[in-house]
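Have a look at the structure that comes next, please.
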Amino acid sequence: MTLLDAVQANLLSPAVLFFVLGVFAALVRSDLKFPEPLYAGLTIYLLVAIGFKGGVAIAEAGLAQVWLPALAAMALGALIPFWTYPVLRHAGRLAAVDAAAIAAHYGSVSAVTFIAATNYLQAVGQPYENYASAFLAVMESPAILVGVVLGRLATSRGSGTAPDPARTSLRAVVHEALCGRSVLLLVGALVVGALCGPKGMEKVGPFFVTPFQGVLALFLLEMGTVAGRRLGDLRKVGVFLLLFGVLTPLINGALGVLLGHWTGLGLGGATLLGVLAASASYIAAPAAIRVSLPDANPTLYLTASLAITFPFNLTVGIPYCLALARWLYA
Amino acid sequence: MQTHPMKLLTVVCEAHARTPVLDMLRATGAHGWTLFPVEGEGAGGCRTADIPEFTNLQIQVVVRLEVAEMLLKRLEREFFPRYTMIAFAADVQVLRQGKF
Amino acid sequence: MTLLDAVQANLLSPAVLFFVLGVFAALVRSDLKFPEPLYAGLTIYLLVAIGFKGGVAIAEAGLAQVWLPALAAMALGALIPFWTYPVLRHAGRLAAVDAAAIAAHYGSVSAVTFIAATNYLQAVGQPYENYASAFLAVMESPAILVGVVLGRLATSRGSGTAPDPARTSLRAVVHEALCGRSVLLLVGALVVGALCGPKGMEKVGPFFVTPFQGVLALFLLEMGTVAGRRLGDLRKVGVFLLLFGVLTPLINGALGVLLGHWTGLGLGGATLLGVLAASASYIAAPAAIRVSLPDANPTLYLTASLAITFPFNLTVGIPYCLALARWLYA
Amino acid sequence: MTLLDAVQANLLSPAVLFFVLGVFAALVRSDLKFPEPLYAGLTIYLLVAIGFKGGVAIAEAGLAQVWLPALAAMALGALIPFWTYPVLRHAGRLAAVDAAAIAAHYGSVSAVTFIAATNYLQAVGQPYENYASAFLAVMESPAILVGVVLGRLATSRGSGTAPDPARTSLRAVVHEALCGRSVLLLVGALVVGALCGPKGMEKVGPFFVTPFQGVLALFLLEMGTVAGRRLGDLRKVGVFLLLFGVLTPLINGALGVLLGHWTGLGLGGATLLGVLAASASYIAAPAAIRVSLPDANPTLYLTASLAITFPFNLTVGIPYCLALARWLYA
Amino acid sequence: MQTHPMKLLTVVCEAHARTPVLDMLRATGAHGWTLFPVEGEGAGGCRTADIPEFTNLQIQVVVRLEVAEMLLKRLEREFFPRYTMIAFAADVQVLRQGKF
Amino acid sequence: MQTHPMKLLTVVCEAHARTPVLDMLRATGAHGWTLFPVEGEGAGGCRTADIPEFTNLQIQVVVRLEVAEMLLKRLEREFFPRYTMIAFAADVQVLRQGKF
């Protein structure tokens, strides 16, 4: 299967097509919108389901197999800002705080992109380590912390706006990073799954596994409208960020696949680690950055991660990582 | 019917400002608050209420006049430069003076 | 199976019984009410599921089989107002704008009635063309446009209220008719389904097909409370509209079944076309009419379609169409 | 299987583990919270599913088998306040109105506890009478009525606050008890299930039965946060209520198991009747008490039922009832 | 633009007070009301809006001045001792006097 | 604390009026708006908030006094005869005059 075939197969999956439908709905200014509680319900379902599945997989595989690649994944996430920040700062001539913010987003990960990738692997019949959800769980926060520190260092030397009302100490950021909704659901479900094991899966599988792909397709319809509404901001962010949003996943994806290979993951697992590295956070990172680096411009980081990198990965980035892994493991 | 003059302060802000605003209200002497998610449009663009993290919140607080004054000062100094938000004050009458 | 047997079998299905439970809840003034986001979530699910299933069926049957009956269905919807309008105007002595509004509702269709009919056919073991969802998709808008034009012609000659704030040109009505939430979801899911084909269905079937009947039953519980709350308005609309709301589905249902027969549909498909013709819109049409014919009285058109024709079709109209089709195809 | 084994098996089920995760989320002050419409949707689903299943079971078993234990269950619920009220009043030295309020809560039942118990029986392979949902349905209201009357008698002799705005006659309380959301959904779905029978179950089973355990697990995650947020009030209610909240389920549970045995239920059914008797209401009873005994202190009854007895039953009370039943039926 | 002075009465109360408050509004002469669920904190602790039965409601009603007076009186006498709630009144202007 | 007087205009209307009302607000010079779904009862009967298409919306807009005047005029002329709705104005104070 060539890269082109892989992309094409991906483009005709229900998940991607519903995403495209959502983008279309936003472009024709349809009044289609998922109400907030429905959105919240779907994300809770997706995070708990993927976490639980990962936990059961850990129970089956044993922690001994998981800890090394998990640690490597964490390190990769934490290190990505160290190359993206200088690029954004100097090649992109962005303000220090904006460069730090964007770097944090690309070091962190997108759960939906990861889930779409597992979906895709299933569709093309490529087995993967189910415990890869653990990598998703540990990669969300480190880069955000690094990005915030980078941004703080830069602004403490710089001007700085008004006195900070929240006195957002790093402690608050750490609390958010560990106890925020998405990390808590993901890590919590992972632990629950690891404790229950396959016996627990028998009971809740018909809810958390069987209808999972359909729920994801429906959710991507909504994500399409969200991304589509941001497309108008593309003009505001400039050509540099457009290129950055497309090239960074290609580079980080390759790094992730390589790292997966080195740490002993199989072909599927390496692909998923690649996708995680390639993906950019658009929920957890914006929330943390908004509070702890309020001077960073949200239009820049949100448009880059949500309107450029997310659709790019969904359509091209995922098959690209698989093709790369196939070539590497061949 | 004996009523007492108070100020109703209304804040419409992005969801990320929730904790800092509420903390500031408590610290400045408000005895309670009321809050709900809203859609809205303003200088910061349109905020459709679909993603909890990106929604708008309307926060209402009834306070004594001098507390309102202090709240407005802190909002202007610490919050307006930082968050997408508006705030406005109005005169209201309440029955139980001690409660606010 | 006689008509009576058919009606009885229908009455004891979970879907209809939950509808009756909803009506009961409204009558005893229970506080049972689905919150708006739950309602929205259920309709999104139902429309996407039925659309996707229809699209997959089109992919399997080929467009060649679908276009003729679809065109006929569209024409039927557009023409129904031309006989209902004069009846409402002269036999019912309704104001021109009210007659046009009601005519639009009965030319358009009710997705829930259609879905309940597919449910019923499955229950009695009657196969049907799954691509009939396409007829549902194309029948929603034409009659609304016709009704609006009829109403506009009548009122432009008449008095007319205040200047129109929305300057609701027909263009706005057309945009709404093509990009409104329900049409967009239905047609969009149809296209997605047609592109994915049976391979896509394998992936999302466990979510969009397996639990479908149960979701419909739950949704009809809510629709029962909605219809039940409107029962009190029956007194306000008069005996003419009551008769109209019961007889029109019988006539339109017969027209639909005949047309299905002529255009080469099977017994099941003709039944569904009959049900579509018999059904009256109570979501899309009211929305469009409220904005483009604001002088029409909502109590009249909503009570007729929601409190009279909808429950009538759900209980009697659906088995009636099947009985008719059986007699015709015998 | 000893009691300890039983408790341990229960503690490692997904349902209980997700509950613990919810408590943890509340304790670390995570922002995890299910939005109201999602909560409402989940309770509607759970009540309708359990009611429908029970109704189908009644259709299969025949009313003849059900009426005697159902009547006994009802009587048990109504009688529980007669022993708990004096204990609360004299041993606990609570105000009359508080004692009456708490007594009402412990005579009434918790649907979620019941559902978790059926879950648990399935998990340990213990068959039970599916029609036990009928006992759940009839046990909710009687104790509330008894409690309200006890409280009214006490306060009419006592001081009494302001004039009652709602003129909450017992009639209003009875209406609420019969037409309130939860009773209506449960009894209504029971009747629908009884009318449809197994044929109806075939149609809606994939929605109401297959994913049921998973939905329950997700719902208990939310209930964990609700209970967890109340843990801080434990200090306010004192040691007596803590002991009461733990010992009462042990006593009532034993009474329920015995009664189930006497009225001819099997081992599983007796366990479920025990769990019902042991459980305390925390939704229906608070709603009714708040309106009809407004002088009772909500912190007392809510903390007792929601933060003490509910988690206790979920973890220990359910296996305790099964162990007791096993010993009795041995 | 001829406007007429009215009172806007706002009540924030626990969900259980819904029926009694609305009944009282109707009985005292209000011609309509508006209502929505809200989160809040006050003397009665924090009310997160997750369980419908335990949530907070904000009820708004526009009434003539003398009706507002009567409503406040009844709220103070019959409702404040019984329910967790606050109420405040504000001056508003409307166009159609007869409607309220 | 220097504050500036503005008008807060509140509209409660059926959901179908959403687009026309918002279009009118923008056209008449409002720089933003806030909106949320509400339940309500009035001359047009009871609107339970279950079906999105049939619900009620509360729309709030803070504007300069002369804009409020114009908005009220257009509401009365173009909207009241057409839609189920109410509207009322109130005096509020804001900090950033230029924003509204």
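Here the chain labels run A, B, C, D, E and F in written order, and each chain numbers its own residues starting at 1.
Keep this in mind: a contact is a pair of C-beta atoms (placed from the backbone, for glycine too) under 8 Å apart; a residue touches a chain by one contact, two chains touch by 3 or more.
None of the values given here were measured: they were computed from a predicted structure.
Student: Tell me, which chains sit next to both subunit A and subunit D?
Tutor: Both-contact set = C.
Student: Please indicate which chain is farthest from subunit E, where distance is taken between mean Cα coordinates of the chains.
Tutor: Greatest centre separation from subunit E goes to chain A.
Student: Same or different, please, for the subunit E to subunit F contact, judged on whether over half of the interface numbers appear on both copies.
Tutor: Under half of the interface numbering overlaps between copies: different.
Student: Which chain has its C-alpha centroid farthest away from the centroid of subunit B?
Tutor: C
Student: Report, in whole Å, the distance between the mean C-alpha point of subunit A and the mean C-alpha point of subunit C.
Tutor: Using C-alpha averages as centres, the distance is 41 Å.
Student: Just how far, in Å, is the C-alpha centre of subunit C from the one of subunit B?
Tutor: 45
Student: Of all residues in subunit E, which are in touch with two or more distinct other chains?
Tutor: 36-37, 49, 52, 80, 90-91, in rising order.
Student: Where in subunit A do residues touch two or more of the other chains?
Tutor: 34-38, 40-41, 210-211
Student: Going by the touch definition at the top, which pairs of chains touch each other?
Tutor: After working through each pair, the chains in contact turn out to be A-B, A-C, A-D, B-E, B-F, C-D, C-F, D-E, E-F.
Student: Give the list of subunit C residues in touch with subunit A in this complex.
Tutor: 35-38, 40-41, 44-45, 48, 52, 179-181, 184-185, 188-189, 191-192, 195-196, 200, 203-208, 210-211
Student: Quick one: which bits of subunit A touch subunit C in the complex? Just the residue numbers, please.
Tutor: Answer in residue numbers: 12-14, 17-18, 21, 24-25, 28-32, 34-38, 41, 119, 122-123, 210-215, 217-218, 221.
Student: Give every residue of subunit A touching subunit B within the complex, in rising order.
Tutor: 33-36, 39-40, 161-166, 168, 222, 225-226, 229, 283, 286-287, 290-291, 294-295
Student: Mind listing the subunit F positions that touch subunit B in their complex?
Tutor: 1, 3, 6, 8, 31-36, 62, 90-96, 99
Student: Considering only the defined contacts, which subunit B positions touch subunit A in the complex?
Tutor: 14, 16, 19-20, 23-24, 37, 46, 48-55, 74, 77-83
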